[in-house]
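One chain, subunit A, links the two complexes that follow: it is found with subunit B in the first and with subunit C in the second.
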Partner chain A sequence: MNRTSQQTTLIVLLGFMVVLGFILPDWMRYLFTVALCKAFVVLGIVILLRAGLVSFGHALFFAAAAYSVAFSANLWGIREALVLIILGVLASLALAAIIGLLVAGYREIFFAMLTLAFSMAFFGVLVKAYKFTGGTDGLHIPSPTILGLQFSPEISSIAKYFLTLFCLLIVVYLINRLVNSPFGYTLRAVKENEIRVSYMGCSVRKAVYLAFLISGGLAGLGGSLITFDVGHIDPYLSYWTTSGEFVFVALLSGTGNVFACLGGSVFVEFIKTYAFKYAPYTWQMVLGGIMLVVILFSPGGLWALYENLRRRMKMGGKKFDAIT
Partner chain B sequence: MPLLEVKDLSMHFDAIVAADNLNVTVDAGEVVGIIGPNGAGKTTFLNLVTGYLKPQKGRIMLMGKDIVGLRPHEITAMGVARSFQMPQLFLELTVLENILVALATGSSRSLHSWRPLKNKERINEAHEILDRLGLDEMHNRLAGEIPEGDRKLLDVAMAFALKPKLLFMDEPTSGVSTEDKFQVMDRLMNVLNQSEVTTVFIEHDMSVVRRYAKRVLVFNEGKVMADGHPEAILKKETQSIQGVEIKCCK
Partner chain C sequence: MNNILVIMADGVLFASWLFLVAVGLTLIYGVMRILNIAHGSLYTIGAYTGAVFVIAYCQKSNWLPGSYLVLLGAAILAGLILGTIMERGVLRWFYGKEVVLQLLSTYAIFLILEDVYKLVFGVKPYYAYKPLLGAGNFIIGGVNYPRYYLILFFMAVLAGILLWLFINKTRFGKLVLAVIHDPEISLAMGIKIDRVYIVAFSLGAILAALGGAFTAPMIAVVPGLAVEVIVISFAVVIIGGLGSFVGAGLGALIVGLVRSFAVHYVPALELFTVYFVMAAVLLIRPQGLFPTKEVRKI
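Up next is the complex of A and B:
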């Protein structure tokens, strides 16, 4: 995808999302907002995937930010969404900075298992520290103010949607710059050949650590935002199945483009909702079946499928031109 | 002050002696060929000097600074680059992207650059390097799809893109056909000579050593058995230096 077509896609997508914010029914806007919040974490996972690393513990940063928002709102009475977001992201960044030091030297299954272990340890802390976290009952978060404005419940849903969309827009721009920067390519290079990266004067460990930090921060942003939309959090935000879902969406979306994560996240959220509605006891099987089909027919994920279709349509167009 | 000074360097792998009180100096501007039988310690020497291995004894001075214990990326950042016996490329990136990544890493020496990798200035520089090595025609092909000889060139090109003061090449012509060998080396040495890069290369083909090296080091059992001008060392078609048989070809 060249720069012009990427800018066009971004503008069209943005216009579409803005319109959706106004026309969607409440329940669907809620689903969209949740999907977009999860897309931040998926973007973080994708950054690590580009370096060849799979994290099965990103729910930790997602939950850490959510709990940080909850504590800030409930204990200190902070109500401003932007301040809460910053505090949530800082909490997840701090955790990523510590855990990153320990995991940056590991690869493949060891990296995946270590991240999973940290996430499950955090889950244990959240469940056991009942006095502070409410245990499995979780915590309630009051509706925040946005730029000092308190919205009515009807408008609040739209405001939260646009707040998430605004954050997403900034993140997509920054991540798009990042993947096209020398650092973005260095991560791809790390995936392919660490020895060569070292012999180019670049510390592989530092590159992985930095990627982990960015990735943790993104998960934190998603975790902060989702608390506003859901209004209630519990330890299952950090459970391994939540981490697994993020990896699932990342693989399903494909790592080829940042927009893929948005599409993938929305796609999975809706499939999950409808699968649960029509097959409440077998909805996981539906998701698994879809994953199987995508892996079999488009190993590069939904984005690769889209790219193939686009290429075929282009080629079809050329043939048609030649005939005429 | 020599560019590289190796003093009493020792490295053993259990009973195998890879470097035995090795003493080597390389001055700026030299083109040094390293020869010796398999297992003589040539690649180990290269791995020790570039930080891949840590010596058990001895000092390695680069421009007067001891670099023992530094990691490969730290030594590379000091101006030492290397190519490999088996080319170490990013096979899923294009030929151009391989050079661009090397250029970006070499110029900024950091991970903090927000400028796009593919900016006009850098692309032009990458094309210039590829053009000088005769690889520009295939700049859009994936590195994993190009022939072995070109991979060797690309491997050196990536090291060269780091703008090193000292370049090590591990068997730059291995895997290259006899017909292409001199063509590949001509291109490489022209570029390196023009840029005045001090070069040390390991080579098994004596005709290549004779033609391109200004000085030859003969390695055996982790020791330098002979050090001198190629004509003096390779003066006979087959000769033995302290028991090391060197097969020469004209």
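Up next is the complex of A and C:
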């Protein structure tokens, strides 16, 4: 895809999302918002995946941000969404900065398991600190004000959708820049062969640490935003199956493209909702089955499938070439 | 003094359970380099079949040792069947692929099996308490323990010894060691790697099922058992060093003791002890206590 066609796609997609915000029925807009919130975390995981690292503990940052939003709202009475978002992201960044120091030296399974361990330890804290976190009952968060405006419940859902969309827009732009920057290429090189990267004079540890920080911050952003939308949080936000779901979505979408994550996230959220409805006892089975098929036949995710198709079509005839 | 004795006993008993559950995971990783997230599912199938068989057995007969044999048989049957299906049906397609993909394929299996169990066994709990209550109690430091715990301890020790003998003293064990050391060369030397993988995986599966089956009398067997077991056995195995049996034993012992000290002195910390020990060990020795050696490739 060249630059102009990418921009056109982006504008069309954005227009489409804006229109969706107005015409969708409430329940669907809610699902969309939740899916977009999760897409932030998935983006974070994808950044790490590009460096060949799989984190099974990103729910930690997701939950940490959600809880810090809840605390700031309930204890200090902060109601402004933008302030809450910043606080949430800062909290998860701080956590990522500490944990990143510990895990940046590990790869593959050890990295996955260490992140898993930290998120489960955090889960333990959330469950045990009943006085502050409400234990497994969780916490309620009042609907926030956005830019000082308090919306009625019907409009509020639209406002939250656009708030999420706005954040997403910024993030997608930044991530796109990041992925195509020297830093982005360093991460890819780390995946290929990190010893060579260090021979070239790059600090692998620094690159991984920075990637971890960024992805932790992204997960925090998603976590802060989702609290506004759902209005209730519980410790299962930091459970390892939540992390597993994020990894699943990241894998399904593939690491090739930022937009694929959005699509994948929405896709999975809807599959989950419908599977809950039509196959309440077998929805995990459905997810697992899809996952197996995807990683078996298209390890690069659904996006890779699409890319392959496109390439094949290009090879098939010159006409297609002229159009794209 | 009594207190310490009780803590030690608690710790060792918990450690033997941990070892029984976790050793299969380390075996599978050691031989196949696959970290099996579906390990907890194998544990669960053991628990379910064990519970179903024992409940059926106890309606027919009251002979207690028989119920242990039933548990043993159920575990071997369940582990063998499910393990072989998993290895032949899914995992073998992922040999030689990226580690991340292998990890995720076992995660997918875990998700699928969670629901399969609900469909097959229903969501009602199974109670197979006869083997536990029938055996009576014994006393350490003034505290009553079920005698059944001794059987668990015995099973763990036996599993450890047999596994060690199998790997180090039999012909097939030597083949397994060769494959662990270098799969390609072993293939070139005429070792049927596929067969080694099947055996190793089934054996690991049987061990997991064994852990589940012998846990069944102590708990209510319900859906969702797998999750906790996976996380805790990962921790134990990683503490010991992935792929090391001695490591798994030592890891289990450390975690068991630390946990029982925590339970007695700082109960609030119980949930974190495992992760705390794991993080601490990994920080000091990044590959665990008994790491397997890796070759650096440039």
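Rule of thumb we're sticking to: the second predicted complex is superposed on the first by the 312 of 324 C-alpha atoms of A that agree within 3 Å, B and C clash if a C-alpha of one lies under 4 Å from a C-alpha of the other, contacts with A are read in each partner's own complex, and residues count from 1 in each chain.
In this text, a contact is a pair of C-beta atoms (placed from the backbone, for glycine too) under 8 Å apart; a residue touches a chain by one contact, two chains touch by 3 or more.
Predicted model only: the values in this text are computed from it and were never measured.
Once the complexes are laid over each other on subunit A, subunit B and subunit C both fit without any clash.
Contact with subunit C, but none with subunit B, is seen for A:296 once the two complexes are overlaid on the shared chain.
In the superposed model, A:271 lies in contact with neither subunit B nor subunit C. When the two complexes are overlaid on their common chain A, residue A:287 makes contact with subunit C while staying clear of subunit B. On the chain A superposition, the C-alpha centres give an angle at subunit A of 80° between subunit B and subunit C, rounded to a multiple of 10. Of the two partner chains placed by the overlay, only subunit C lies in contact with A:124; subunit B stays clear of it. In the superposed model, A:181 makes contact with subunit B only, not with subunit C. Of the two partner chains placed by superposition, subunit B and subunit C are both touched by A:195.
Comparing subunit B with subunit C, more residues of subunit A are touched by C. Using the contact criterion defined above for the overlaid structures, shared-chain residue A:86 touches neither subunit B nor subunit C, since it reaches no partner.
Taking the two complexes aligned on chain A, the least Cα distance separating subunit B from subunit C is 6 Å. For the contact definition in use here, the residues of subunit A common to its subunit B contact set and its subunit C contact set are 193, 195-196. Every residue of subunit B that touches subunit A in the complex is listed here, in rising order: 50, 71-73, 76-77, 81-82, 84, 88-93, 97, 100-102, 104-106, 108-109, 111-118, 158-159, 162.
Every residue of subunit A that touches subunit C in the complex is listed here, in rising order: 49, 52, 54, 102, 105-106, 108-110, 112-114, 116-118, 120-121, 124-125, 127-128, 193, 195-196, 240-241, 244, 247-248, 251, 281-285, 287-289, 291-292, 295-296, 299.
Across the complex, subunit A meets subunit B through its residues 177-178, 180-186, 188-189, 192-193, 195-204, 206-207, 210. The residues of subunit C lying in touch with subunit A in their complex are 35, 90, 93-94, 97-101, 103-105, 107-112, 114-116, 118-119, 227, 231, 234-235, 238, 242, 268, 271-272, 275-276, 278-279, 282-283, 286-287, 296-298.
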